[in-house]
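Each of the next two complexes has subunit A plus one other chain: subunit B in the first, subunit C in the second.
Up next is the complex of A and B:
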């Protein structure tokens, strides 16, 4: 019964169809994080949310992607509209590992002025997957 | 009589210098969202420059014209063979290998502009975005090959071709030079580009920054 309820919940949640790739990316990031730090205990939604909201310099992730990443954002420089980042609102997000890595690379350099660590990226994904529309 | 003759008119030299500057800026700002406006601006200027060069290649002074320097594959291979043997044939204007580099660089510049414009406006998805990178990488590779070939040709011809592209002068038969430097055309080019760039910076050309949102609601910016 519990299983059936969970299945029902899963099917009714649009993000589940696309979380497969995000989970695979997280698995790879977890291996990287463990290799970098033997005490790594897994990714944290709370850390991910704090990372998303905190300003690292003058920008945070939220600067462009808004405080609620299920909403559309706006580019801080060009003012162009940005589609929602959360897969719950935009199922195409986090479905292409190459694209995910490309944008982590670019945006981490823009916001933190350095590459993100595997743990930061994994925390970020853990958070973004929990965001509901 | 051999002496110092004017070969490259001022518009051609100004074009060359500004193309280097715009490509350099576009390249250095490519990976950054903070510098995205610089990337877009320098790329539009690069396209405008190439547009000018295509026209100047039809109506410009003698050695600026495509008809004078674009040659067939046999001339290119003869020149390259000569280059390998240390005795490349001498040309007053562009040599056939240089001409090939010019045509290819102009083509790649246009291609990177078009693919970049499409990617900036989220048309064509990741395929176009990756094509844009590939084209720009090919252009950079060709720039380095061009520089290498210029250095080698300079040595073999005993003439500093880089300096010639800066001053406009080469050594040659006295009747072979161009008579006018066309400084006025260069001034129009620079003024036009400056006005265009200034208007873009001032936000007077919003359609160039965001062509679709002007008419279509719900424009988007793609990310991973």
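Up next is the complex of A and C:
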């Protein structure tokens, strides 16, 4: 019994540890979203999924990260392989807030031609955390 | 026994000289971390310092993508690239876009026109060892429809 518990603990820690950082990022984004819009009601998985799939101009997030972000993708210009974006498939994701911000800045600029709002980023993370392999 | 050993050493040495010519790196970890997410690590030795300076000053508008970096890593990588850069004129980019795939050297080796649907920037399309910075002839695999040189 004790062994089973230990095993469960060992298996679950990496997942917990890494959604932990995502949740911290979410908390910061929620504060920003509320500051920008007093009627902000929390993040939405549905809005996040729509944002992920919508084309804004030529590209969507799915263009490089695929229709199902638990799968590996490809860079639209260089064809270079990209590891899966969903933490359920790639535990390295959303473990480093600076890295996450760096890529939001770049990819939002490429796809939307502007920075993403705090709400868009929070919705996107809410969605990506629900994606299962 | 001793002779066999000696022959072995000489052989390995000869091999590494032969292969070494078209192998590059290893490079500082930071360079791989920041400059290899979207494409292979390009060998700094294949472009001049002026070319690299230009690339590093325009990371926000990087061949149609945003590849911007914080000031710290930006400065560190610039310094490394310029230190390691080629000093030969044939490696100078010939267009304002600062592409190492548009130097006289590159065009001489590769011709003007890549095969259909391949970008010359996509080194690993032909150099199967490009991820490991190995550009030796053994690793070459040419896509159909590619006529090198003189086209």
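We adopt the following convention: the second predicted complex is superposed on the first by the 116 of 133 C-alpha atoms of A that agree within 3 Å, B and C clash if a C-alpha of one lies under 4 Å from a C-alpha of the other, contacts with A are read in each partner's own complex, and residues count from 1 in each chain.
Here is the rule we go by: a residue touches a chain if its C-beta (ideal position, glycine included) is under 8 Å from a C-beta of that chain, and two chains touch if they have at least 3 such contacts.
All figures in this text were calculated on a predicted structure; none of them were measured in a lab.
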Combined model on subunit A where subunit B meets subunit C, clash or fit: clash
First (subunit B), second (subunit C), both or neither touched by A:119: neither
Contacts of A:109 with subunit B and subunit C, given as first, second, both or neither: both
Partner chain(s) touched by A:93 [first = subunit B, second = subunit C, both, neither]: first
Subunit B versus subunit C as contact partner of A:72, first or second or both or neither: first
Broader residue contact with subunit A after superposition on the shared chain, subunit B or subunit C: B
Touched partner set for A:80, first subunit B, second subunit C, both or neither: both
Subunit C clash site on subunit B (candidates 41-49, 59-67, 77-85 or 95-103): 41-49
On subunit A, positions contacted by subunit B and by subunit C: 75, 77-80, 82, 102, 105-107, 109-110
Touching residues on subunit A, where the partner in the complex is subunit C: 75, 77-80, 82, 102, 105-107, 109-110
Subunit A partner contacts - residues on subunit C that touch it in the complex: 37-40, 63-70, 119, 121-122, 125
Subunit A-facing residues of subunit B, complex: 31-37, 40, 126, 209-210, 213, 218-224
Interfacial residue positions of subunit A with respect to subunit B in the complex: 64, 72-73, 75-83, 85, 93-94, 96, 98-107, 109-110
